[in-house]
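After this come two complexes, each holding subunit A, first together with subunit B and then together with subunit C.
Moving on, here comes the complex of A and B:
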């Protein structure tokens, strides 16, 4: 009853249940902490050019975008924040009726000190439509979204800024 | 150390051994029921997965445990982390959705409970390029390829299974030890 094996067994069982309780408390308590920071998103330029996709060896139209982000996401950093995944999404409906959501830019924020985003940038991923052309697309909606990734617990999502109804600049269109 | 156990084992006899076997089997059966029941509720074939590669670092490392759900009526969004397996791939892959393309609902298939057909493109946070080269010739992922969406996260715990995969002796030692304990325990 009181041999070494049973003592080791008891202690490890006790420790692991303590650990489970602690992690459960951390995961649940961070759900009570709700921050909804908002920032501003400015689309500086949006253009369409014909480019080649190397993987398919074929040419198609691609959307390019220049933007400015000013968003203070520091309130999202609390005791259970491992990192933020922030991305800029373009949303549009094609002439074929397909609704498209495409990430054009993303960034991983790992420290609270880096969470005040002041970005003056361009797309990392050009927008590519399944139809190879953007003919008949009235406008694009851009959204800055974030995914809070915890040390332990549930992943949460949110939206930090929007810029709706951005028409693509047709003058830079050379087809 | 085991002489005492052996003595009691002789005293208790064959019926006791059978009872212990039954107990052991019921433990295994209830574990399996729990797993399959969880799968039914979350609508995925494997509700808990272990991260096997570093392509989502620094979000997920090898050995982290992920909890998945896959509601049939919910579409996927950009930024969702999906676990998918394309035909011909050996292991499921955990990557983030980069693009979604929702087909318009056709008149024939207007059923409000089923979402429209959706095409997905994914990318690992730690990879430079999207996953096109991993799709075995497919242009996009579809719902049928997706095992589930990552909802919850528990670090390190899954490393036990990775260790057991890398060192099979550990697996046999653990299983044998558990079986022996179940047989000789007096309860």
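Moving on, here comes the complex of A and C:
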């Protein structure tokens, strides 16, 4: 501490320790925000169609879905929220017995003003299975999930809405 | 470093001054961290927390880095130079 450089050194070293504690406190404080907003998810249409993947010159079955989301996620925005990743997940057990979770639609919410989701849309990513067919799949479960990304701290995940047991008739190829 | 910049940038302070600087810096940084956390929490803005802490650190730098007269009030009193024996 006797000259300028040793003072700079000493103070910046202690500053970085204080900064770590401050950020740790911020990260811990976001654990106190335990909002668990729930919305509604309506599956309007769900169909299986055989489509061609042009790149591979190959035909295979794909799942398409039309849905309506009404979910107010604004309670998730607190001082440590950077953004939300929201996605619609399709869960099904394939004909090979493997349980799959596939994202069919997603959105990044950066601002609190945009966090009230009212979406009337269709899938962005058609569901494709490794088996190339959905024969023997009894039903699909659709869930609206979110991932809260904080400025500092741990990622947290949650589920905002659910539509279970959406069946489809394999002969008519329509859910 | 003093060879490059000379004594102007050395900014030396005495022992009492060093103890005082250490006390001020530690207390300031801890209190400022707590205060900026509370302020940011209250206004729900992490940016405000960081701006407040950064600003308080800049003020702290102005307070403790230059060799202000208050840090040089107790200069070390050296013993007088002894006369060298002449027969050496």
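Keep in mind that, in the parts below, the second predicted complex is superposed on the first by the 165 of 175 C-alpha atoms of A that agree within 3 Å, B and C clash if a C-alpha of one lies under 4 Å from a C-alpha of the other, contacts with A are read in each partner's own complex, and residues count from 1 in each chain.
The criterion applied here is as follows: contacts are C-beta pairs under 8 Å (C-beta built on N, C-alpha and C of every residue); 3 or more make two chains touch, one makes a residue touch a chain.
Note that the structure is predicted; figures quoted are calculated from it, not measured.
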Under the stated touch criterion, which partner chain does A:18 make contact with: subunit B (first), subunit C (second), both, or neither? second
Once chain A of both complexes is superposed, is A:147 in touch with subunit B (first), subunit C (second), both, or neither? first
I'd like to know which partner A:103 touches here: subunit B for first, subunit C for second, both or neither. first
With both complexes superposed on chain A, which partner does A:87 reach: first (subunit B), second (subunit C), both or neither? first
Scan A:33 for contacts with subunit B and subunit C and give back first, second, both or neither. neither
Partner, of subunit C and subunit B, that touches more residues belonging to subunit A: B
Residues of subunit A that lie at the interface with subunit B and also at the interface with subunit C: 3, 151-152
Subunit B contacts subunit A in the complex at 1, 58-59, 77-79, 81, 96, 98-104, 119, 125, 130, 132-133, 150-155
Which stretch or stretches of subunit A touch subunit C in the complex? 1-5, 7-8, 10-11, 14-15, 18-19, 21-22, 25-26, 29, 78-80, 151-152
Residues of subunit A defined as touching subunit B within the complex: 3, 23, 27, 55, 82-83, 85, 87, 89, 96-103, 108, 110, 125, 130, 145, 147, 149-155, 157
Can you list the subunit C residues touching subunit A in their complex? 1-2, 9-13, 18, 21-22, 25-26, 29-30, 32-33, 36-37, 40-41, 44-46, 49, 53, 57, 60-61, 64-65, 67
